[in-house]
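Residue numbering begins at 1 within each chain, and the chains themselves are lettered A, B and C in the order written.
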Amino acid sequence: MNKNSSNTMALAPNPSNKRETVCIFGTGDFGRALGHKMIQSGYPVVYGSRSTQISNLIPKDAEVLGHAEAAQKAAIIIIAIQRQHYNFLTPLAEVLRGKVLVDISNNLKLNQYPESNAEHLAQLLPGSKVVKAFNTVSAWALQSGTLDASRQVFVCGDDVEAKQMVMNIVRALGLTPLDKGSLLAAQEIENYPLQLFPMWKFPIFLSLGLTAFFFFYCVALDIIYTYIYENNDFSFFIAITIPNRVCPVMALILLALVYLPGIFAAIIQLYRGTKYRRFPDWLDKWMLCRKQLGLIALAFASLHVVFTLVTPMRAFASWRTGKGIISQVLNNKTEPLDHTNAWLSDSYLALGILGFFLFVLLGITSLPSVSNNVNWREFRFVQSKLGYLALILCTAHTLVYGGKWFLSPSAYKWYLPNIYILSLIVPCAVLVVKFVLIFPCVDKPLTQIRQGWERNPKYSN
Amino acid sequence: MNKNSSNTMALAPNPSNKRETVCIFGTGDFGRALGHKMIQSGYPVVYGSRSTQISNLIPKDAEVLGHAEAAQKAAIIIIAIQRQHYNFLTPLAEVLRGKVLVDISNNLKLNQYPESNAEHLAQLLPGSKVVKAFNTVSAWALQSGTLDASRQVFVCGDDVEAKQMVMNIVRALGLTPLDKGSLLAAQEIENYPLQLFPMWKFPIFLSLGLTAFFFFYCVALDIIYTYIYENNDFSFFIAITIPNRVCPVMALILLALVYLPGIFAAIIQLYRGTKYRRFPDWLDKWMLCRKQLGLIALAFASLHVVFTLVTPMRAFASWRTGKGIISQVLNNKTEPLDHTNAWLSDSYLALGILGFFLFVLLGITSLPSVSNNVNWREFRFVQSKLGYLALILCTAHTLVYGGKWFLSPSAYKWYLPNIYILSLIVPCAVLVVKFVLIFPCVDKPLTQIRQGWERNPKYSN
Amino acid sequence: MNKNSSNTMALAPNPSNKRETVCIFGTGDFGRALGHKMIQSGYPVVYGSRSTQISNLIPKDAEVLGHAEAAQKAAIIIIAIQRQHYNFLTPLAEVLRGKVLVDISNNLKLNQYPESNAEHLAQLLPGSKVVKAFNTVSAWALQSGTLDASRQVFVCGDDVEAKQMVMNIVRALGLTPLDKGSLLAAQEIENYPLQLFPMWKFPIFLSLGLTAFFFFYCVALDIIYTYIYENNDFSFFIAITIPNRVCPVMALILLALVYLPGIFAAIIQLYRGTKYRRFPDWLDKWMLCRKQLGLIALAFASLHVVFTLVTPMRAFASWRTGKGIISQVLNNKTEPLDHTNAWLSDSYLALGILGFFLFVLLGITSLPSVSNNVNWREFRFVQSKLGYLALILCTAHTLVYGGKWFLSPSAYKWYLPNIYILSLIVPCAVLVVKFVLIFPCVDKPLTQIRQGWERNPKYSN
């Protein structure tokens, strides 16, 4: 649906020769990949290297000189060497005075050193203008030209003009610079490429654990129990029937877990009488991953919808339909329409559809480009009002569907409650407490606290 | 699917002590929330306050001084007081000369004052550099650290360097500054947080009204009429059958309403012979909310799809299927495949699927991040060409499905036309007029007018 | 889901009179549209024109003067004339010295001139500060105020202050400026509005061709063959049955084609022993359109899902169900549940659902706003790991579903293989080769090569 015009540029390098010379210190993989790309984009490149022995690895249009000579040829020097070798730059301090040094280094783990590599470089060479850039781009992608992931290059530095020069180079290579401010941001920029979905870890492990638990719970009750006591082999339930029991349960529980920390926060604030004390750490972390919990809940809900919709296509379903009709024929009677049944089946379907619809709306609103276009008032309206409405509809959907099992003794195989009953505990608790919280006698002090009022001002210090 | 690296930062405040001191005038809720956050991010904060009595509400690492002394300690002063008290700043004009004043105030309603608060402040203190910022962020969110909505902070101001300093603070707090230009933009920035989906209001009220009308129309014809004259209780139709009649009707009418203003605009331009006169106000407003109308139409279409797909799961549907088969069995004859029926049922399904597919494509293209990546030519290709194709397919889908009712007298209960017939009026009118408009003898003058040609140039003055 | 606050502004022009005068050279369509819009936004506008004859076309609040006089009134001059008439500006060089000239011109085809229009203008008038802007906005949209597509205005220029002035005007008109760097970017900016989905062309033609081939292949085998040899008229299969055979085949083949170039690249690198030589041109181009291939595959997969889900609503399907049940009744026997069949039908459905789920995840991740929020490591995890998992699941889905046809002679009508067998060739080949490539003895040298190691360093020069 979108295309990037720079893609075509990548294939047709700009023949312009007006670009200023760029110097690269270091002939490692990233240094060479960047040099290749810069030459393609029309920059004269000169490498600074200890020896010219390995020059055959270097792009053929580039010059290779000693460090000092190379540095003198350019206003911008890209430091493509590792942090532990930065010390060798100190003798060059005089040559590098006033030059723009681009730190492109990455570390092997998060917060490896007390200060960022770029700040370390700036301390070693106080006369130079250090800019952090390019570390978020992969050498392999730069080389192969297939930059189909993010083209954003985070840039930071204390000198505005130096930053501008580096951002121009970034643009010329077909990438998008993103100014992250002063060199203090370097630590964050250096940590960025090392992350692997940090905010998703807890929600994903939680849902994997719960899914496994509910899956085996269902296997025990629906397949093993039936096999032992009714001697029926329903092992094929593993493919669709049981996943379609686990998915809605997971979706409902995770959706309730999105709203549970807000309930806890309100209770804690009411109890403390102030909003100016930090929440416990676990609550802070929980609140920060609510969006992720919600999106995983949406994924389970979507799977539930598709699993449900394929039902008529299953061999088991058509066999069961046929069996029902044939037994009616053989008994020579036509059953009249059961109105209660028609009402129940239609209402739980309608409730589920509307709940899922609101759920998808919440998901769309949490897309970065959409949430950037709504203000706080709008965001809270959607995520809080519509979110609670979705939770109410989904809980009602489950209640209407599974309600008949609550009192039926056949739902308690091995004295264990049916999975539907388990799934309703958290959402019902959230809805009941939320219902209490919107009573005026509770809501009024809470609103005051959130507007800055404090019951016991002495606590705030 | 995305995560924000700043989330983790929020929990681990940067210990760096290189930040410059920030002064905050005012110890209200937002002033304290901002102070807390700044101290967390490593900024020394000094509050300017009339008295030091209320200092126990203030974050404990902050200093509290008189206004003049506090202002002297910092280059940036955040004015966290309300507009009506700005006058007390005039005596401080000398102290504030050359300082950066950050106006973070909001109003209670849109365009409350003739000029924006920030411009008012700049007029009061012409020697200071006023920057508008932070007003779009909620104090509660800032305090609790759960910035899961937009992290964008709109910044505007006439002094580029002052703006840069404020944007650095914004970045250090883990937010994203967005430069909105000179202080003239302050009015818009102050109005922004007060809005609640301004462009959505008319489309939503329109569709709620139409939905209610069609719903009761269907209830009257399908439930009440049947109950009175056929003595059948189909009250459970309210849950699924009737919503699934209203949704497609709404989707089709709203989709046609997206293209109707374009038709009106073309007719007006042809009649006037120029494009250089403004359209009537209602047409301007209508054209501006076409995207919203289209997205609501897409929502109705999606609901229609899901309501249709759950049909086989309904108790009513399986009862009806069984009844049909049993009656065939009892009559001891097997009906052969009705080829006309097979053709009709398959074509309206296929037309609907393709129409919905294009409709979803249009919806995806209107996501902000996608529409930012297509140029005008591409956008018009998708929204105009593919949009009309979607309208044609959906109208054909309805015609093939509901066609049989046009001539059947049973479709005119109480002499009222069936809802399908009503739904086709607007889309058919749009398609017929559009068909006339693409005839060369009409298209050519219209194209000329849109390229700037005028039939009666005297009108343009 | 989002709204743009500037929409409302467009209707209520800012009454402020603080804006600086803007001069527009040329009274063509775009010059007039821009002038109208600027006057609406509070800018005094003066037109520079050869004669004042045509002044009645010009907005009535604008002044019209000769070129030299008009230029003297403003610091910013918008050059709304065509490139071939730029020469007439050279006599005005003295008047234009130090002024900001905004080049808004577009060409009729890509790379029409060796250098961009803006660079040409800068060469003609070396004393002026040339800024490229506004060329990506349509005059018609500017006039009608319905800027519902991208509001982005690409701006580039060598003088930072001049660029800042132009960006302020862009913002004041309710548009979003995007700094593209120095004037060297003008060529790209001028090419931008001429493109019509350049990266989509090859994938779309490829899929149209393949779709047509498979469609006629199916028509021949399923309709014509059946008509000739079994005398059955299944012509209505054209609407749903056959599209629902072609769509999954296309989805699977295109998904495999997304991963095939990566396989080729690995083989070429292993053979050459270096990553520092360019891939053949076809491979480069193929790799650049992988995202588009994947999204088209996703579109086919979605159509397949919907086509499959409507099956129970088809007249043909309910006729076939009824026929099956009636034949059981007439034979007076109830068939027991076929467990193998239940397992097969449930597993291919479950495999398809999970494969499609992952496929949709990949699609969401390729939305620009989402892919901008993930780093390289995360992007490769999703697109490579999850992508291959989706390919494995979809191939397994097809194998389980179509497996029975491999050995059945009835699948080879006219000695041609069934379409399912054809669809499995590419995906199976990709999966087998990929399986070989992850063996340590192959993976290790490949990883080394991608980290910059070279087998025969002499090749790199």
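Miscellaneous remarks
Quick note on the criterion: contacts are C-beta pairs under 8 Å (C-beta built on N, C-alpha and C of every residue); 3 or more make two chains touch, one makes a residue touch a chain.
The chain lineup, named per UniProt: A, B, C = STEA4 Metalloreductase.
These numbers come from a predicted model, not from an experiment.
The angle of the rotation carrying subunit A (STEA4 Metalloreductase) onto subunit B (STEA4 Metalloreductase), fitted on C-alpha atoms and rounded to the nearest 5, is 120°. As for how the two copies subunit A (STEA4 Metalloreductase) and subunit C (STEA4 Metalloreductase) face one another, under half of their interface residue numbers coincide. Taking each chain's centre as the mean of its C-alpha atoms, subunit A (STEA4 Metalloreductase) lies 23 Å from subunit C (STEA4 Metalloreductase). In subunit C (STEA4 Metalloreductase), the residues that reach two or more other chains under the touch definition are 1-4, 192, 195, 197, 309, 312, 321, 325, 329, 361, 367-370, 372-374. The touching residues of subunit A (STEA4 Metalloreductase), when paired with subunit B (STEA4 Metalloreductase) in their complex, are 1-4, 160, 180-182, 184-185, 187-188, 191-192, 195, 197-200, 265, 275-276, 279, 284-285, 287-288, 290-292, 295, 305, 308-309, 311-312, 321, 324-325, 328-329, 334-335, 337-339, 341-347, 349-350, 353, 356-357, 360-361, 366-381, 383, 450-452, 454, 457-458, 460-461.
Interface of subunit A (STEA4 Metalloreductase) with subunit C (STEA4 Metalloreductase) (complex): residues 1-11, 14, 16, 18-19, 28-29, 32-33, 36, 56-60, 136-141, 143-146, 148-150, 152, 164, 167-168, 171-172, 192-197, 233, 235-236, 239-241, 243, 299, 302-303, 306-307, 309-310, 312-316, 318-319, 321-323, 325-327, 329-330, 361, 364-365, 367-370, 372-374.
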